[in-house]
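Below, each structure is written out as C-alpha cells.
One chain, chain A, links the two complexes that follow: it is found with chain B in the first and with chain C in the second.
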Partner chain A sequence: MGHALYQAGLAGAMIVAAGVAFAAGSPSDPLNSVMWEALRDQYFAGAPVVFDDAVRVNAPAAAEDTRAVPVSVDATALGHVVEMVAIADLNPFPLVLRYHPGTAAPYIATRIKIQQATAVRGAARTADGVWHVSGVMVDAAGGGCSAPPASYAQKDWADHVGEVQARLWPADTDGVARLRLRIRHPNDTGLVDGIPAYFIETLRVDAQTPGGSPELARIDSLEPVSENPVYSLDVRPPPDATALVLRGRDNQGGEIRATIPMPPPGAQPAMRPAMSLKPADQPWSVGQ
Partner chain B sequence: MSMTLLRRLALTTAFAAVMMVGAATGSARAAGPLTYDLKPTRIAPDTYVFEGSTKHFTRANGGNILNSGFIVTADGVIVIQTGPSRRYGEEMRAAIRKVTEKPIRKVFISNLHPDYWLGSQAFADVPIAALPGTIAGIQEEGSGIADNMYRLVGDWMRGTEVTVPTEPVYGSTVRFGDHRLRLIPLSGHTAADLMILDETTGVLFAGGVVFCDRTPTTPHATVADWLKELDTVDGLDIRLLVPNHGHIRSDKACVAQTRDWLTWLDGTLRHAVDSGLDMAEALELPIPERFEVLDVLREEYRRSVAHLWPKIEQAAMPRVN
Partner chain C sequence: MKRLVTSLALAASLTAFSATGVLAADAAGPSSDDLLKSATNTEAVLTYGMGPQAQRFSPLTDLNADTVKKLVPVWSFSFGGEKQRGQEAQPIIYDGTIYVTGSYSRLYAVDARTGHKKWEYNHRLPDGIMPCCDVVNRGAAIYKDKIYFATLDARLVALNRETGKVVWNKKLQEYKEGYSNTAAPLIIDGKIITGNSGGEFGVIGMVEARDAETGELVWQRPTIEGNMGTLNGKESTVTGKTNASWPGDMYKTGGGATWLGGTYDPETKTLFFGTGNPAPWNSHLRPGDNLYTSSTLAINPDNGEIKWHYQTTPHDGWDFDGVNEFVSFDLKKDGKVIKAGGKADRNGFFYVIDRTNGKLINASPFVTKITWAKGIDIETGRPIYNDDNRPGAPATGDAHDAKGKSVFAAPAFLGAKNWMPMAYNPQTELFYVPANEWGMDIWNEPITYKKGAAYLGAGFTIKPLYDDYIGALRAVDPKTGKIVWEYKNPAPLWGGVLTTAGNLVFTGTPEGYLKAFDAKSGKEVWKFQTGSGVVGSPVTWKMDGEQYVAVVSGWGGAVPLWGGDVAKLVKDINQGGSLWVFKLPKA
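And then the complex of A and B:
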C-alpha cells in the first residue's frame, strides 16, 4: 500500500501529531480517494503527513460551474506555515497551486476547474516539516478542465491579457490585510485540441516602502486555476508601505505587473468569516 | 463537450436493450416502473394544474418540481409547460385526455429551464410557442441542459431529446374559444420570461417570475430586471397566481416573498464582496430566519453565489495596471 516511501517521515509525524487523528502506519484517507496514495507520494514525498481539521477547506458540495469552483484553504489555526498546496485529486492536473505565505497569514482562496466529482484538498506545511492535510468532496457534472476558455470567443481577448484588478483592505488589529486580485488571462490547460497550454505560473506580491521592496507572499499557480483567476490573500504590509506591487509571469513568458494602491483613509478592514454578517447586521433595507 | 456526448452515448447504450423491446412492441412510451402519477387539480373554470414538488431535481422525483397546467377551451386545449422529460410530457398528455376529448390546440413554454420544455416531444404534433429569446436559448443551450438532466435524474429521462419550440410569440392578447389569454413578455429571471394571464378566469401562469415557498433559482437571472418583473406582476389584476415552483395562491404574498429574497440575496452578496469576503466564504453566510419557509434554501443560495458573485466582484474591483 505504498508504505515504504512514507516510513521516513513517520516518526516525526508521530511526535508532532499529538491530538490529531492519526492511524498507525500511513494514515488512511478520510475522503477515501483512489488517488490519495499516489498524490501523497508525488507531492509530499518523504515528508510526514497528518490529516488535520485545523486546515479548513471551504468549497461547495456540488460545483455549479465546473470552470470556476470557489475554494479556500485556511491554515491560520496552525500558526506559522511555510508552504500550502491545493489539490483536486481526480483532475488531469491535480496540483492547483503552491502558496508560499512568507509573512502573510496562511490563507488563500481562488477558483478552480474541476473535471469530475473529486476530493479537493488543502495542505499546509509547518516549520517542522509536517504536512497537515484536510479536504472536502465536490460533486460535479464534469468537463471544467477540457472546456475551452470563454475568452477565446472574444476577438480582442489577447489585448486584455495581463490586465489586473485589485483591491486591498486596511490591516486589522493583527496587521493582516485582505488582498483580492483578478487577472485577465485564458489560463488554458492545453487539454483542448490545438490550443496550447497558456496559464499564469508565478505571482509575487511585494510591498513598496522607503527602505526597499520586501516580498509579502508568492504563488506558484497551475493549470486548474480558473480562467481570469481571482485570488484572495491575507498579507501583512509593513506599516510604512506606500503601495503593493504584483509581479507575475505566464508559461509563455508573458509578464504581469501592477501597482496596488493602499486603501483610502477611512476604509474598513475586511470582514472575517468568523465575524460575518448576522441577519441583524443587515446594512440595507429590504425592498430597496 | 465530448464528455457530455460520451455520457449520453453511454446511457443510450445502457438502455438500448429496453428501448428495442419498446420499439418492437410499437410502444411510443418507454418501458419501466417509473411514473410521475400526474393528477390534475382544477383551480378555476376549465383550468387545471399538475402540482410538483418544491425540491431539487432528484432521482426520486424524476424532475417533477414544477406546476404545469392546461386550459380547456372551446377551441381546444392550451398546455402551459411540458415538464422535465419525455415521460412527463407523455403522462401529462394522457392525464389531460382523461379530462377532455378535445385536441391539444397549442403549447406555451415560459422559459429555457429544463422542467419547462423537455417534455415537448410528447406534443411535437402541435404548435409549441415560446418567446424568441427562449427559442434561441433552447437552440443554444438545450443540449447541455438535457445532458445535465440525464445526470441529475437518470432513467426518468429515457428517450428524451431536445424539441425546440416551433412558434415565436410576442406580447399580445390571443383568444382561444371563450378564453382570452394575455401573453406578457418579460426578462429578468431569464433573458426571456413569458407570463400568461387568462383574462377570462384571472389565473396568472407566472412561470419563473414568481416562486412561492421555494427558493428562487438564478442561473440566467439579472436581479435588477427580475425586480422590475415583480413590479409588473404587482400591477396585474389577478385572481389566482400559479408560480412554476411552489404554492398556488389567491393573493400576491409570494410576489413580495420573491422580492424579499432577491433583494436580500443581491444586497448580501454585494455587501460581502465590498467587505473583502471571498466567494468560498460567502457560501456559508447566515441566512435570515424569515427565509426558512423557502424549500431547498441553503442549496439554492449556494448556487446563486456561483451565478451572481463573479459579476458583482468584477464590477467592484478597480483596474490597477
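And then the complex of A and C:
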C-alpha cells in the first residue's frame, strides 16, 4: 500500500492538460489495473485525469467480508470539490457511487461489495474540471457481488425495506457536522438468477430551515454499495437548521424518507479523519 | 475496449435516428383522445381490449379467411429466466415497440420489427404474496411518456416507456391481507383506474382512480354496500345502503374483488367494472343478495359514483364471480339501435343489458349445462334458482365440523367463462365467447374470518362434462341468444379472443396452438404451434404496410392449480414464456 501511494504521488505531480485523457500520453495507472483505461474512458470520458494522493482512499488491505468492505474517500485536501466517485475496478459493476457534495466537505464513507481482489479508487472533480484519482488494492476472496443478500433469509425482510437509522453530530469549528445514515435495503445487484436488481439509486440530504429547505448533499448510489448500506458524510447544516431531511428512491420506485433531528445540546462533534492520525500511521483505518 | 467502442458507435447512430426518423407526436406518446379512439387505430394497439369498449375487433382486412394461410412467424421473444407459469398478457403496440407483461410481475419493451429487447423491468416481489390463481399479469397501459402495470404485491408501477426507468410506484393495497393485482389498468381522461384481486381472502372489492401523472389517488369506490368511498382525499358516499343485503358486520369482509379490471364506453361516459364472488363461499352464512358482489357496476369516471348495477348471481353460492368484461356494442334489433352491452358470465348465462340504465334485454345460456338456475326472468332480471342445487349448510351443534350436503353443480366454479376476454365483431354482429364445459361437486364447511387467510368455507372438485372436449369457442348472436357456431377443444380454453373485419376470429389453446377461424362459419382456417399453451390475448396491427398478429405463449393460470380432475388432463403441457409475432408478407 505504501508503494502504491508513492506511485500515486509521482503521477499526481505530472501536469495533464484538458482533453488529453484519451491520448497515449495519459498517465499510467499506479495500481497497474487491467481495467484502468476502459474505466477511465467510461467514467471520465474526455475530462482531464491526474493521479493525486491529495485524494485519500481508505480500505482494508484484505476484505474480511466481501459483501461489506468499508471504504472512504477523502478529498478535503483539494478544497472545493464538485463531484466524487468511488470505483472498484474488477467488480461486475465497477462504479460504486457518485457523490455531489454541494456545500458538504468532500468526504464520503460507505461499505461496498467486492467480487474479487481489485483496485478500489476514489476520484474528485475540482471546479476546473480535473479529476483527481487515487486508490488502493484490496485483496479478497470471490463472490461479494453475486451472493444473495443475507436479509433474504428472514421472511419479513420486505417489511423493513427503507427504514432509516441516522445520527447527526454537532458541527465542529469549521461548521462541518458528521452525518451517518443506515438504510435497511437488500441493495441487490440482480446477479443472482431469478432475483431482480433492487437497489437504492438516489439519496439527498436537505436542511429544514425557517427560510426553506436547501440541499446539502446528494448521492447517486449503485449496485456495489452493501446491503443495508451505511453512509458517512460531512455536511454543513445552516445555523438556523431545525432538522435534516433524507429523501431517497430505489430502482423500483420505492421511496425513502427520514427526518433527522439536530444533535442534543452538549453533544460532542464526531472525530473526522482529517483530525485523526495520518493514514500511514494507521494502515487499517477505515475512515468511519 | 473494442466492445466499448462498438457500443459508443451504436449510441451515436440511435441518436441520429431519433432526431430524424421519429415524429414529435410519437415522442409525446398517446393522448387521452388517442386512447378513446384506439378501437379504430390500426397502426397501434393502445389499450387492453383493443379499444376502451374492449370489443377486441380490428378493422384490418389484409388478413382474411383466404390470405390467412400465408400468415407466418416473424420472430419469437423469450421472457427468460426460470420464471415461467401462466402468460395471460395482451401486448400493447405503439411506435414500433411492443410492451408486454410476463408472469411474476415483469414488463418488457421489445422492438416490434426485430424482436430485439429494448428494456426489461423485473419487479422485486416480497416472499409473502398470495395470488389465488397463478402469478399472472394480463397487460400494461400506455399514456403519454409512460407505461403502467400492476403487480402481484398489489402495487401500481409507472415507467418511462423509452428507458424502462421507474417514475413512480404506488401501493394499491396491502398484499399481506390477501390483495394482489393482475389486471391491465384502464386510463380515461388522465386518470388511471384499477380494480383489485384477493376475493378468496375476504378483502373488499375496490375500484380506484389515480392521477396518471403523479399516481395520487383521486377516488375510491368500494364494491360492497356499507363501505365508504373517497373523493379527493375526503369521504364521499357509502356504497349502497348498509345492511340492506348483508347481515351484521359481514359486509366488512364481503369480497366482491374487481380482479379483472374494467371497460369504458366513451358514448355514455361510463366505466363498467365486474365484481367477484362474495366471501365466504358458504352462502348460508350471509343471507341476502350480498350487493354488489357478482355484479356489473356502471361508474362515473369523474367521481366514482355508481350509476347503476346489474347483479348476475344474487346470493352466490358457487363462486360465480361477476367480473367478466362488459363489452359495449350497438344492438341492432327490430329496426332500432340500442346502446347495449354484452357479458358472458361465469354462471353460464350470456347477458345483453341496456348500458344506459342497466336493464336486462336478454339472457341465454352459452354452455350446455346449467344446474343452479332454470333461467333468468327477463322482467325482474333475477335468476330462477334451483334451490336444491345450492350446496347445503354445514351441520351445527355437536356435529359442527361436519360438512354440509354436497351437490353436483354446473358450471364449475372456474366458470362457463373465466377471465379470458371474448370479442365482438360489428360486421358479423356476433360475440365470440371462449367457454368451458365442466361441473363440480361442491359442499360447505365451517369457516371464520382471519386476516390474510383463505376465506372459503367450501370444498370442491371440478369434473369435465364430456369425454371429448371441455373448451368451446362459441359464436353468440346477441339478438337471439343463439349459438351460431362452435369450435370444440379438448383442453379448457383459457386465452382471449380477437376478431377482425377480414372475417376472422383468433384464439389460443392450452395445447399450444394459436388458431384462426372463419368468423361466419367457424371453420378452422389456420393454426400455429407456439411450443407451450396459449392463454394470452392475441392482437393485430399494421406496420410498414403489412398486417401483423402477436400473442404470448406460456401455459398456466388457474386450471393447473384448481382444476381437480381437469388438472390431470393438462399436467403434461409444458410451461413456457414467450411472445410470438406473425405477419402476412407483402405479395
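Definition applied: the second predicted complex is superposed on the first by the 249 of 288 C-alpha atoms of A that agree within 3 Å, B and C clash if a C-alpha of one lies under 4 Å from a C-alpha of the other, contacts with A are read in each partner's own complex, and residues count from 1 in each chain.
Here is the rule we go by: contacts are C-beta pairs under 8 Å (C-beta built on N, C-alpha and C of every residue); 3 or more make two chains touch, one makes a residue touch a chain.
Note that this is a predicted model, so its numbers are computed, not measured.
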| item | value |
| --- | --- |
| Simultaneous placement of chain C and chain B on chain A, clash or fit | fit |
| Touching partner for A:Val34 - first (chain B), second (chain C), both, neither | neither |
| Which of chain B and chain C A:Ala109 touches, first, second, both or neither | first |
| Partner chain(s) touched by A:Val230 [first = chain B, second = chain C, both, neither] | first |
| Which superposed partner A:Trp169 touches (first chain B, second chain C, both, neither) | first |
| Which of chain B and chain C A:Ala127 touches, first, second, both or neither | neither |
| Touching partner for A:Ala147 - first (chain B), second (chain C), both, neither | first |
| Partner chain(s) touched by A:Ala158 [first = chain B, second = chain C, both, neither] | second |
| Residue contacts with chain A in the superposition, chain B compared against chain C | B |
| Which superposed partner A:Asn58 touches (first chain B, second chain C, both, neither) | first |
| Least C-alpha distance (whole Å) that remains between chain C and chain B when both complexes are overlaid | 17 |
| Of chain A, residues touching chain C in the complex | 37-38, 41-42, 152, 155, 157-158, 186, 188, 190, 193-198, 251-255 |
| Residue ranges of chain A in contact with chain B within the complex | 58-65, 68, 70-72, 109, 111, 141-143, 146-147, 162-167, 169, 178, 180, 182, 230, 232, 246, 257-261, 268-271, 273, 276-279, 282-284, 286-288 |
| Sites on chain C touched by chain A in the complex | 1, 4, 81-83, 122-124, 126-128, 157-158, 165-169 |
| Touch list for chain B against partner chain A, complex | 1-4, 7, 147-148, 151, 219, 259-260, 263-264, 267-268, 271-272, 275-289, 299, 302-303, 305-307, 309-310, 313-314, 316-321 |
